[in-house]
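Below, each structure is written out as structure tokens.
In the two complexes below, chain A is the common chain; its partner is chain B in one and chain C in the other.
Right after this comes the complex of A and B.
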């Protein structure tokens, strides 16, 4: 006789053990260590919620404070390895195996621990890929999540930073896993029910908000004139000719510059309503001037952004907001939207090689992926046409039969030829390859593969890789916009000129871009304070950005 | 302070009539460029004073591209560099020849 209820019974045992440390669903903070020890089993697959923005920080610290003689060998399956506690868990032997997506600030320490054998690495995923595996082979037995408030039944309000929570809870709770939420406060009635209480088993009142990183705030004061020139190139040489209306922007200063040029340079080019009307994007403060001047019709968000809550709530025609008025974000849905419903991804990177592979891994740093590879890839399952998608497809395969021709997503890498501390953007060989060799990985961590990237934009010009017909042309097109880096200076000048005549390479002068326009006065806001004023005082920048 | 001098044949004569123009600022990572219309129209002289030593080959590549791509004939260009990256240098030079085309402000 088969026993078909083992998981349900195991959950029942955890619930019973947990209730000894709880009043109903509420776990008092002093009980948290004993509670976690009671509900978690050695070897469990645990999702400790955290991504590049929100963090279940109280639960992370409590987990790291456990004794590895009680709980050990956990398999952590989580979007972000961001807090020191996330790695302390491995340092102490409480966890052993890791499947994750993004590591940002812990990129150097995670690399050291991988080299030192403290972490057994499953894989570095993209967000959607990790979420997908939550439902197939990495389903958590325990999820430790974060919300703004809860009622005594466990109904959760996750607020503007809903992010990964619905996905994590769906995968865990419906497969008989245990869900524990940290909340700022317990209330009689939550402002809206983001997560129904019957999916949430226990709630911890943290007494303070969960941590959120203001990752998407770029101070306009730090935007350089080279970045403005590069942004003008992108707008006039890519956004305009393809008519890109649906898109996602990365988080760098180059795309911040583009956002701030829409109401000025974009307006002058007559592009309002023709580009940048629909975004899969977090509420970037640098998009405020474009929103306020009527450029943007709609934005769906992965998460929120610190300080943007009131502004977003005051613009419900633009953003997705709940019946309570505040933003509803959802990382899984927004990543899917960015993948399938956007015609362009444009973002910065740290290294591009001669094939056009790009990576943010540099020696001894594993920053992970986050969402860029989802947005920055050509979705092979797409079937709906649009002007930019069809045009890009036609450029890539002009001789094929149009009704049988796939379109192409525009995947644009943008940056100055020299980055921070004069480090060149273009390299012969990605550091990611060295890392893969040293860690004996099957795959080098590549952010955007060469067969997905369609354009590379630097201050020297635009390389349209869709128009390259062989590997030599591709290499010279890349060298031809690589400026005065070693890669750029080793170009074949005659071949580069021929590519330019064919429009494969386009320089500022080919696009009639006046270098005198590359001036900070062209930015619609030149400081964080300007952004705050443009929002009518609704944007409340975090203290660290208030430099006036 | 390193000094570099380049005298180059310039295929494109500087446009406009303005006698001189100045762009940029002397600051770390930035540069000031003074352009003077004092030479025969097929010559461009570029004199560089830079805070960063040992980048002669990159400067030469930058200024050669500049006279090939832009209208710099007839100009003496004096560069006061505070260790700017090559992309910033190329942008300032391009801005300088555009500025000298414009009527006096």
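Right after this comes the complex of A and C.
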């Protein structure tokens, strides 16, 4: 006779052990260490909630404070390895194996620990991939999550930063895993139920909000004139001719410049209503002027952004908000939206090679992927047509039969030929290859593969890779916009000139853009304060961004 | 002429370069430069450190007209070495001030500086002393020296000492005036004393609104070149007096200030003590409302400044 209830029984045992340290579902904070020791088993797969924005920071510290003689060899499956505690867990031997997606600020230390053998790496994923694996082969036995408030039944209010929580809870709780939430406070009635209480087993009152990183705030004061020029090229040379209305923007300064040029330069080109009406995007403060001047119809968000809460709540026609009035974000849904319902992804990168592969990995840093490779890829399962998608498909394969021709998602890489500290954007060989060799990885960490990227924009012009018919043309198109980098100077001038005649390369003058017009006075806001004023005082920037 | 100066009505002083500021400040086409970049009077020290030089050494000096009246003018370029004082940079300003004394013409100094250039520190420090002496000597001869502060580099170090000797200071919210910069304080006293990354703290401690409220600046304007122009015309009406009783009065004022506010831990406490209604709101207020609340409450500089 088979026993089909082993997991349910194991959960029952954990619940019983946990209740000895709890009053109902509520775990008092002094009991947290003993509680975690009681409900976690060595070798468990544990999801410690945290991504590029919100962090279950109290639970992370408590987990890192355990003794590896009690709990060891955990398999961490989590979106972000961001807090020092996330790696302390490995340093102390509490955890051994790691599957993750993003590591931003810990990118150097995670690389050192991989080299040192402290971490056994499963794989680096995109967010959506990791979420997918939660439901197939990386289902957590324990999830440690974060919310704003809970009632005594465990109903959770996540506030605007819902992000990964519903996905993590769905995968864990419905598969007999244990869910523990840290909340700022316990209340009689939560403002809205983001996570139903019967999926949440225990709640810890942290007494302070979970940490959130303001990752999507770009100070307009730091936008350069070169970035403004790249933004003008993108708007006039890509957004306008393809009529891109549904899109996702990366977090760099180039795309922040595009957002700030819409109400000025975009308006002058008569593009309002024709481009940038629907976004899969976090509430970027730099989008405020475009929203306020009526450019944007709808935005769905992966997460929230620090300081944007009241602004978003005051614009329910634009954002997805709950019955309580505040934003409801959802990373899994927004990533899906970015993949299937957007016609364009545009973002910055650190290195582009001669094939057009791009990577944000530099030697000794493993920053992970986050969502960019998902946004920045052509979805082979897409079936609904749209004008930009069909036009791009036609450019890529003009001789194929139209009704049988796939469209193409526009995947645009934008940047200056020399980036931060004058490091060239274009390279012969990606640093990611060296990293893969040193760590003996099967795959080099590539952010956007060459067969997905359709356009490269620099201050030298736009390379349309859809129009390239062979590898040589592709290489020369890339060299043709690489300016004075070594890659650019090694171009074949005659071939580049022919590509330009065919419109594969378009210089600023080909688009009737005078580089001298790329001036900061074009920006709809030139400072964080301008953004605050444009929001009617609703945007409340964190103090580190304020210069008043 | 760049696109930005073509539209002077909305030229941000903070964003503009030194030459754009001069164009927007003075009467049209009235400016003529002394020792211009074509004379290539560059720093003799920077090449030793393999650092790039600038043909005007980061300061523009010359004469022009403001509201029809003749003025001498110096403008620092904050985008070159943070507008810092070096040997040539300092000598150009000293020379201008000495000329002002001889000609009996008023001077505008458009500050945008982090202080003395580390690479030529001795020459720079000497220059600061010479400039302060030249300011006082010019003022003793009846010349007004007006400082304009609202650039990206602020007015720090030796620049703030010179500002302290001016007849009148015009400041915008973005303008910062302080001897030690945020990073310097943090490095020497620790992040608990002063977190240089907390920009709101930096601005409420050193920024234009605070300086205006405690009498560290005389006219508060929007970050707009035309506002700086109007304020300069107004400042040139201030009385051109500089004598011992006045300086002694100023000394007494500063002593009082230290006594009243020396124990305050944050600028907001000072604003409270001055009698400002809802002082925590000060940083977020638009100019008009800020000036309304500051009126009758702010500490006035005595005639020495």
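The working rule: the second predicted complex is superposed on the first by the 548 of 548 C-alpha atoms of A that agree within 3 Å, B and C clash if a C-alpha of one lies under 4 Å from a C-alpha of the other, contacts with A are read in each partner's own complex, and residues count from 1 in each chain.
Note that a contact is a pair of C-beta atoms (placed from the backbone, for glycine too) under 8 Å apart; a residue touches a chain by one contact, two chains touch by 3 or more.
Just so you know, these numbers come straight off a predicted model, no measurement behind them.
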Touched partner set for A:516, first chain B, second chain C, both or neither: both
Partner chain(s) touched by A:44 [first = chain B, second = chain C, both, neither]: neither
First (chain B), second (chain C), both or neither touched by A:544: second
Chain B versus chain C as contact partner of A:309, first or second or both or neither: neither
Chain B versus chain C as contact partner of A:452, first or second or both or neither: neither
Touched partner set for A:225, first chain B, second chain C, both or neither: first
Partner chain in contact with A:431 - chain B first, chain C second, else both or neither: neither
Where chain A meets both chain C and chain B, residue numbers: 516
List of chain B residues in touch with chain A within their complex: 58, 61-62, 69, 85-88, 90-91, 94-95, 98-99, 102
Residues of chain A that touch chain B when the two form their complex: 224-226, 229, 416-418, 422, 458-460, 483-484, 489, 507-509, 514-516, 518
Residues of chain C that touch chain A when the two form their complex: 2-4, 7, 10-12, 14-15, 173-174, 197-203, 207, 209, 283-284, 286
Residue ranges of chain A touching chain C (in the complex, touch as defined): 516-517, 519-522, 526-527, 532-533, 537, 543-548
